[in-house]
Structure formats: structure tokens, C-alpha cells
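The following pair of complexes shares a single chain, chain A, combined with chain B in the former and chain C in the latter.
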Partner chain A sequence: MALRELGSIFGLASRSGTRPVVRCANLPIRRYASTDATQDLEPASSFSAPPPSEDIVKSYDPVAQSRRRGRRLPPSRYQFRPPKYYRGPLHPHQPPPPSDPSSRVFQPGPFSLPRLEQTYQSTIQPDLMTLAYTHFPPGYTAPPKGARLRSWEGASPYFKNRPLRGPRGSDVLRLLRQPTTFRNVPKLTGVTVHSMVKEANEDPAVLDVAKMVVQAITNARTKVHKARMSVIQWGHREGRVVSVTADLTGEDMYHFLGKTIDVVLPRIKDWKGVKGSSGDSSGNLTFGLSAENVASFPEIEVNYDMYPPKMIPGCHVTVHTSATNDRDARLLLSSIGIPFYGKLVD
Partner chain B sequence: MRTSAIIPAFRPTFRCLSRRTTPLLSPARPIHPRSSQTALFSTTAPLLKRSKKGEQKKDIRITAIQYHLRHPLNPRPLRLSRLRALRHWTIHRAWQLHKAASRRAHELELERQYNSMRDACEALRLIGDDGMPASAGTPGGTMGKELGRLYRVAMEKKGVWAGVPIEYARMQVDYPSREGWNHGWTR
Partner chain C sequence: MNAGQKSARQLASRSSWRPQDPICLSCRISRRRHASSAAAAAVEQPAPLQTIPPATSTSSPPQAYALKAGVVLCRPPQITRDLQPFEKAFFLYQRRLNERLALPFTRYFYFKKDTPADIEWKRKAKTRLTAARDIGVYHAYGKEGWNDEVLVGAKESEPEWQVEALLKDMEVPAAGEASAGAQAGAMVEKREEVERPMSRVTEADRRGDVKSLDRLLQRSLYLVVKNGEGRWTFPCDRLIGREGLHLAAERILVQAGGVNMNTWVVGNAPIGYFHADFPKGIMNEEKNVEEVGEKVFFMKARIMAGQANLEQNKFGLQDFKWLAKEELEKTVTARYWSAIRNMLADR
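Right, the complex of A and B next:
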């Protein structure tokens, strides 16, 4: 509908403006072929071949042939339509695998081999394995550890059949750390770029700009999030859209981290690094980028005027690693090139 | 979204059909986006739409961004013919096999490194007091201060978790060259 409107409007504009019709009429007819095409044609044609012999003509009966075949030939066109919704594993109509181009979730690629990925594979991964190596003599078995969840001790009759008590110190059952071997060297699993825009409470257009900025720097489609609760100090109201995130894995993740580490972070003035207390104690570290830092991403920088002034947002970058504690994750990130400062908290 | 609002922003990208069919012989008149409603070559103040009190004019860049966000160029699922699908399948299988083979080679290489590291540490652990390998199974020699010193030093994890120096994370690139620096260069 919109395009149809556009066309009619532009048609009107061109008619009132220049005179393309007259110009068209004045133009000479041009050929773009460089040679005379008839010279390239082969003189021999199938018409000069002898016709099929008498017995071939006699025996040719396509109707009988198809009757004799008994089964239908597959159609020449690819006629399968993938179902729009996945209806479960028991439904007869199953979608094709994601590697199939007819699948709705098919993604072509990868189109490049990121430098960071190559560096990790060739250098960082063996080095991390060597750094974290602990030697166990042959025949060593780890001493058995006590139960992580404690039982309720006491005379109270209500302790009977009560769910087990949480670990000492916190209610959270931490992830276990296995000794690092060649199988579980920590690696990058994903990056989440999150940008909360406070001004979006007043004007949702600001969030659209933030969306475009995040999409531009991450090369991934963003998701919009609503405020879960009202916070008066921040001007949040429940149900209003306030933030955008982009989840990156694989090629996009490596490209984004490479850009951040090699281009953006070195250009931050007086940047000490990522705070040592960052992390969720299960191997995911977060650091923040201010609006000026986001503006120094090469994708934003080359096209800075595309974004309205003062609407480029800052963002939080969460790096997910396969490490199960912050110490290992920090070692991985510092070997990639993200410095840490302050007290290192595990 | 009303179309008329966004037209000035996309004027350069769209061209009417008649213009597109004309060959590029004549230099086409550059199409300027109409930045405002003012008439050209006029000193008279233009009559603009009266704005309500407190109403701000929306930045045209926001309009452009919203337009592009809401008109995603999502291609429909590809439909390949039989031969093309077969070709795609073949290439895809070959690529998957290549990826699996290279991943397997990488894993084996890591395992080899790990095993040799383990063997070296085991040899260090079993080294005797005199610096010669002790008999297999038990650390040999007399019990002295030097016994197993190298092993203990090798097992130290002091300063390992503080992180690596920042120079380590230098991006691996194809340069500098093997010569490094051309000292003889003059302008």
C-alpha cells in the first residue's frame, strides 16, 4: 500500500518536474553487444540430424510407459512448504532441518573466519590449558566431598521431610569447578549487548534509535524489553518499553569482541579497565560502555550524522564464557585483551 | 505510519520507473531531498503549519530509522529446484565434514600437548635426589631439601590468576614482516 502510494506520488512529481517522456523519445536505440551476435551462432542445428528410425517411433508410447511405471515421478519444482509453526515432535508435518535453505530458520554463512577465533584456537587455548594445569599422579582419586546441601539438624518436628538446607553463606548453589583439561578449556560462548534508555519512558522514538545503534554495532536483530515494575526515581512505569538487547554467538560474537577490543577500548581516555569485581560468579563478566564509546564504534563513526544528536545510548556488554567461575573467565578475557583493575573478586 | 511524512527522507533512494528505464547517457538531474517546504529563490517567509503549543518537530533522522526498522527486508524461505538443492546439500555436507575433521584435528593436538605436559610433570615428580630419574613408582634417593624441588616449582600457581600482561593479547596479523623493521630506509 505504502509503495503504491509512493509510486503515484513520484509519478506526479516527475510529470510536474522534468519531461522524461520527451527525453525518452529523443534517445537513439543502443545495442550493448560488442560483436555481431550472428557470428557467434553455431551453424549446425538439430534440424539437420536424421529423424528417429521407424521402430523407435513405433515403440514410443509415453502414456503406456507412465502406466507401466506404477509410481509418480517427483515434481521438477521443489514444492515443499515448511510449516510456519512447530507443532511438536509427534505432528506429521515436521519442519526441515535448519541447514536446509527451505527452512524458515536457515541462516547462510559463516562468511568469514574472525581473527579472534583463529588467535584463540592457535594460541590462547593451549596457553590457558598450560597455565591452569594441575598435576595429578597416576592412580590419584579425588577425596570425596561432603554433601553440598545440608540437612536440618535439630529437635524440631518440623525439620522432618523438609527440603534440604542451602549451602553455607548463601542460598545459591554455585557451579562446580572441574580441573582444567584439554576438554574444558574456557571459551567464549556468547555476548549480550544491553542498552537501557531512560528517555524511552517519555519518547519511544529514542528507543528506536538505540535499537538501530545496537543493531549497527552488533550485526544482530535486537529484542525489546519492557519494564517489569515501576521505579519512580528512574521514571519507569510498568509495561513501558525501556531497553534493547542483542544476543551474539559465533561469528558475530567474535567480530563484535574484536572490534571492541582493538578499536573501541584503546580509544577510551583514562580507561583503567574492567572492574575486578565484575561477574556473576559463574563465568559471565559485564562491563559498560558510555555513549561516547559507543559512538566510536567504526559502524557508528562512519555514519555518525545518521543518528540524532545525543540519542546514541551507552550499553552494557556481557561476555558469556564456558568457565564456571569468574577467575577462569577473567583469565580468558585478559588473555583476549580486556584489562582488569582493582580488587579481583571471585 | 503515514507515507507522506517519510517521503523527503527517502527521495534519493527511490526513482520513478520512467527515469530508471532511461539509459544513463544524459547526466540525470541530481534529485535533492526537499529539506523543507520553503520555495526556492524567495525571500518571503514561508507559511508553515502552525505548531501547537509545546509540540516539537520530530527529527527526520528518527523517522528514517523507524521506517527502516519497521520495513525489514526479510527474504522468504528459499525454494531451490531439485538439482540446486542437491548441489547445496553436497556443499553443505562437505563443509560439515571439513569442519568436523578440522575440529577433531585441533582436539587431538590439544590432547597431545596435554599428555606431553602430564608426562613431563610426572618425570619431574619422579626425579631423584641426584637429579637422575628414580625407579618407576616411587621417588628415589635420600630425603633431602633438593628432593622434588623442580616439581614443586613447576606446580606453583603464584601470579597465574592475576591475568596475563596486556601485550600478550596483541592481535595476530600478517605484519610486521619477517625482517621486522627496515633500518636502511631513507626518504
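Right, the complex of A and C next:
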């Protein structure tokens, strides 16, 4: 109320004073930090520059030009060869950045703007932000938290300078959950598709089929893994190849999740969803797809006959999120369309 | 994800509740915390809280703001957005670069030799020179593979053109004529029609129907109503009794737009607020306070299905519209717009 009165006093003073003040009752005039900066910006932009004239556009035909030339230009005119080895930052011949098509490590892409990514940005992210918002009144200071690692208490002289003890009850330090702000709303960071083929122990050629299947459904190169130790019950022998994985990020990840959620999962009969106890308690959830489900991916369906019969494997799909606990990760995944069933374990 | 809110509520419920208290919940909590910390260190005095005058005088009733809840009912975007010209050109260029760098298409893995599908594939690949179906006529491995950029005004980078190319590729020759056509070596004229995707511009867009939820599929739409004074606002109403913002939002949606809407009120916290001062204080007999203005706290809600119907509304609303952000700016008052602009999604 005092502030209100202060405002009215100021208003009276300005009205009665000698200096006329521009009234701006309806127009909200604000000063932003960027207001001054915009005056320094150059008004001219390449977007406002006029396009080349009609006749220049019509007459420009690089293919005809090169055909007319008849001979090949010397490679030095059009070919840039990046250095084969990086010779340090002071060397005059520096490699171009990886996004440059002339770079030796250039990977083309992205090729599209995935639908799931757009949905996340336009709908899911603001909703998660609203759901998780925690209001701290002005003047709020978070209460100090105790140290998570314990010191060694006792008379033993060996406790001096000893590394701190782990938390009570468990050996590991769990990830901390920070208050959600617009900077750290949980998002998808990656997907790992993993397929272990038991029969590959006897015949490594079986793994090639799994490799082709995983590559077909993920659009990413696979890695092959060897058994670390022998397990008699599973028929594992140390050093034999047993499984393939594909790590997806970015565009591939969104396309893979999109077609899994929209095409494959709805086709599974009597599927209850992903088990609620799934997760590694740091925001990464895993679910499995059986061999029939993998066969219903559109990429496999289109030439199902070309795969050897009964050799299409099932797989595990791990969804990595930037959430630091399973509860937030599950909220994110259920908002993009993956249902959960059973007891939810956080 | 709402542990902080919950604990705040628990704190508030533990404190003595006074319905007449003009101080809001979180301020009350912070005041308690400050009071407790002040006991430990008397140096820290809560400066901003001194601005709230104690309700002591008996002659004039205490001043307060009328507390209201508003609902920002939103229909999220239904389809992907149109790409910018730069994005279109960039994506096509990257696809062509990929065609240059990738290993050639392994036909033998996808088509058995001399099957109709194989013959069809060879015929198509001969015309477009490449395995990709939507990058136009481009031979990545040929002598002129360097010519991977399209010229000004080329149609290949337009998504409509690419969809057409994919659909044309999906069309299979009608049964019986495939063998004849292949033998003749000519293009097969008669083809089975493939179902086209629905238009991205709807009938409501063409009619300019602002009451339809089928308009502007790429944008978020917001429900605005014309109140009794003829002003366009989000639906809002006073908080009744002890109800919270979430409950009030659900009630307002039903009382304003009818029961034929499947809605979800997102979260328990408001996403923005609007405050206006009355020119003269209004006496509220019920609460025995003099209202010097109003404060509207906006809750976010999503509509899943249904449509608003104002026939049974209890707030004297005259009309409603579903508007995108930039249309809202022209509809509401400038003061209202400055309060709501930052809580609306750009798309």
C-alpha cells in the first residue's frame, strides 16, 4: 500500500511540477538491457539485399558452362585438401571445422526437423516446466545441506587424511536433483539399442543378421561386443562376440523414438506398457522389444523376406534423459507417449 | 516433481490460517522464516515486508486486492511447422552431400533378382539417377556429381515437391499392365492412386473461422472470451472461499466454457499474473475489506477434445475466440497484453 501511495505522490508531484511529463497510461514503455544495443546494430542485412536480377538467374548454368569448357580445371582451382594430421594450433595449415564438407571428418546432416523434437519444444517442455515449477519467495535462501560424505570417526591413527566415507546405507553417491528452471527441464539425450544374440556363441554369422536389423531400424552404425567372461548357463564363452549396440543422438534418436512410439508399440497385442520398476535411478529407462516387435518396424517389414528366417533378434532400448532421477524421466517419457504399468519405483 | 510446493503447503497449513489475511501464502511463509531467523540473528530484519501495513485501524476497513484466478486454455500445435527457406535449402544440400559420401545402395539386399520389384526399382533408378527418392534428378557418383547445389527458384527443396516425389514413387503399376509395360519399355500410364496426406491448411483457415479449433494447426491457440464490459480477456473469476488456484481454474473452465471440454490444468503454480488498480476503492461487504484493485493469477490448461459453449456460462460472457499469439495482441488491450505476452508460447 505504501508503494501505491508513493506512486500517487510521484504522480501528483509530476502533475503539479513545472516539467511536463509525457503521460503513458495505456502504452507500456519499458527499458530493456538490449534497447541500447539495438541502436549499435547495423541496419543493413544480407536478407534485405535485393536478389540477383532475372537475366543473371536465367543465364546461370554451371553444368553447361563446364561442358562448354571441354577440359578439366586443375584440381588446385576447386579442391581443398585438409591436412592429414593435426600439427598443433600454431601450424599454418589448419584443418577446417568438422561441419565443413571439405573436412576429413565431415558427416552430413541433419536432414530434417523431427516431429517429436518439435512437439517437445512447443508442448512438452513448457508443460514440464510448469509442472515442476517451485516458487521461492523473494528473500528466500535455501537451507544449508549437510555434507554427503562422512568423515571417519574414531581413535585410529589411520583415519587421518583417509578419503571420506560414503553415505550411510549405500556405497554410491546418487545424483542430486536440482530445482527445475528453464535451463534444466528434462530432455532426451540419447537412445541405445542393444541386441544380444545367444546363438552367436556357436555361429558368429548370426550376429551379422542382428547387426543388419539394428542398423536398419536405427539408421546408425552398430558396435559389436564380446563376452567379458564365460557363463556356462548362457553358453557364453569369454572373448566370443555376443551382442551389438547402436548409440543414437539428435535426429536419429528422435526418428527412432517417433516410429517406435507411433508405429511399433501400438501394434503389440496385449502390451501393458513399460514396467514401472525400470530405470537405473539416474534418469535412464530401458524397455524390451521381442523379435516379433522388431519385425514390425517399417524398415524390416518392407523386405522381411530378405532376412534369414527366425534370425531377427529382439532388442533392449535404453532411453537416456537429462533427468537425474527415474521419476522425472518417467514423466518425460509418458509425456512423449510411452505408458508405464505396475509399481512405479523411483 | 513438486516437492517444494508440497512442503510450502504443509508449512502453510501448520501456520494459523486466517481467511481475512491479505498477505499471500508464500509471503506468510517467508515472514515466518524471517521471524525465526531473526531470533537467531537480530541484525537481519525483513525490510520488504514492512511495506504491508498491519490491519489495526478499526474506523476504516483494511485495504486489499481482489484475488482472481484466470485460465489460459491452450490448444497445442497439431502439425509440424513450415520450414524456413534456409532450412529447406540446407536439408536438401545435406541430403545430396550424404548421397555423395554414402556407399552405393545395395540393391541385392532389398530386391531379389529379376522379381517385379527389382525391375521396377531399376526403371525408377534410371530416371532419377540416385537411390534417394526425394532429392531430384542427381547423380552423385557421376562426372557432374559436384553440381549438388540447386539453382535459384528450383522446386526440389520444397517439402510439397518432395512429398509428391515420394508419393509418385509409391505408386505401383496396376496389375496386369506391369509386365506389358516393362516389355514395351515405356512408361506405364495407368497407376493405382496413393492416398494423399491431408492439407496443412484447413477449411476453418479458409473461412477465417476464429471459433473453430481446426484453425492454424501449426500454432498454439488460446481461448479468449468477451466479458460483460465488452473486453476480451482470458476467462477468470474470483477465488471462492478456501479454494486454490488449481481448483478455481477447473471450476472456471466448466462455468465459462461448459462441460463439453476435455481439459487438463497443468500444475499448481500460476504462469503469470495481471494486476489493475481501481480508480476508487470498492467496499467488499462479505470480507469487510476495501478492494483497491484486482490481481489475476493465470493457470495454464490444455484442451484435449471438445469445444467451448458459452450458453450456460455464469460470468455474463458474450463471445469467445480461439486465437494465436499475434492475433491476441490485436484483440486485448495494450496493458493486458504487456502482462500476458511472456507466458504465451511463440509457436
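The working rule: the second predicted complex is superposed on the first by the 251 of 346 C-alpha atoms of A that agree within 3 Å, B and C clash if a C-alpha of one lies under 4 Å from a C-alpha of the other, contacts with A are read in each partner's own complex, and residues count from 1 in each chain.
In this section, a contact is a pair of C-beta atoms (placed from the backbone, for glycine too) under 8 Å apart; a residue touches a chain by one contact, two chains touch by 3 or more.
Everything numeric here is computed off the predicted structure, so don't read it as measured data.
**Student:** Please indicate which partner A:98 is in contact with in the superposed arrangement: first for chain B, second for chain C, both, or neither.
**Tutor:** neither
**Student:** Applying the document's definition of touch, where does A:123 land relative to chain B and chain C: first, second, both, or neither?
**Tutor:** both
**Student:** If you tally the residues of chain A touched by each partner, is the higher count for chain B or for chain C?
**Tutor:** For chain A, the partner with the higher number of touched residues is B.
**Student:** With the two structures laid over each other on chain A, which partner does A:131 touch: chain B (first), chain C (second), both, or neither?
**Tutor:** After superposing on A, A:131 lies in contact with both chain B and chain C.
**Student:** Name the contact category of A:166: first (chain B only), second (chain C only), both, or neither.
**Tutor:** Neither partner.
**Student:** Pick one for A:266: touches chain B only (first), chain C only (second), both, or neither.
**Tutor:** Neither: A:266 stays clear of chain B and chain C.
**Student:** Check the residue A:112 against both partner chains and state whether it touches chain B (first), chain C (second), both, or neither.
**Tutor:** Only chain C; A:112 stays clear of chain B.
**Student:** On the A-aligned overlay, A:83 touches which partner chain: chain B = first, chain C = second, or both, or neither?
**Tutor:** In the superposition, A:83 touches no partner, neither chain B nor chain C.
**Student:** Should A:298 be classified as contacting the first partner (chain B), the second (chain C), both, or neither?
**Tutor:** A:298: touches no partner chain.
**Student:** Per the contact definition in the header, classify A:288: touching chain B only (first), chain C only (second), both, or neither.
**Tutor:** Neither chain B nor chain C is touched by A:288.
**Student:** Can you list the residues of chain A that touch chain B in one structure and chain C in the other?
**Tutor:** 2, 27, 30, 78, 101, 106, 115, 118-119, 121-123, 126-127, 130-135, 137-138, 212, 305-306, 327, 331
**Student:** Flag every residue of chain C that touches chain A in the complex, lowest number first.
**Tutor:** 1-5, 8, 26-27, 29-30, 33-34, 46, 48, 51-53, 63, 76-77, 80-81, 83, 87, 91, 94-95, 97-98, 101, 109-112, 144, 146-147, 151-153, 220, 266-267, 269, 271, 277, 292, 300, 302, 333-335, 338, 345, 347
**Student:** Quick one: in the complex, what on chain A touches chain B?
**Tutor:** Residues 2, 5-7, 9-11, 13-14, 18, 20-21, 23-24, 27, 30, 74, 76-78, 82, 99, 101-104, 106, 115-116, 118-119, 121-123, 125-127, 129-135, 137-138, 181-182, 185, 205, 208-209, 211-212, 258, 261-262, 305-308, 311, 327, 330-331, 334-340, 344 of chain A touch chain B in their complex.
**Student:** In the complex, go through chain A and note every residue touching chain C.
**Tutor:** Contact set of chain A toward chain C: 1-4, 26-28, 30, 51-52, 57, 60-63, 66, 78, 101, 106, 108-113, 115, 118-119, 121-123, 126-128, 130-140, 179-180, 212, 302-303, 305-306, 327-328, 331.
**Student:** Can you list the residues on chain B that touch chain A in the complex?
**Tutor:** Residues 1, 3-4, 7, 14-19, 21-23, 25-26, 29, 58-59, 61-62, 64-66, 68-69, 77-82, 85, 88, 92, 96, 106-107, 110-111, 113-114, 117-118, 121-122, 125, 151, 154-155, 157, 160-164, 166, 168-173 of chain B touch chain A in their complex.
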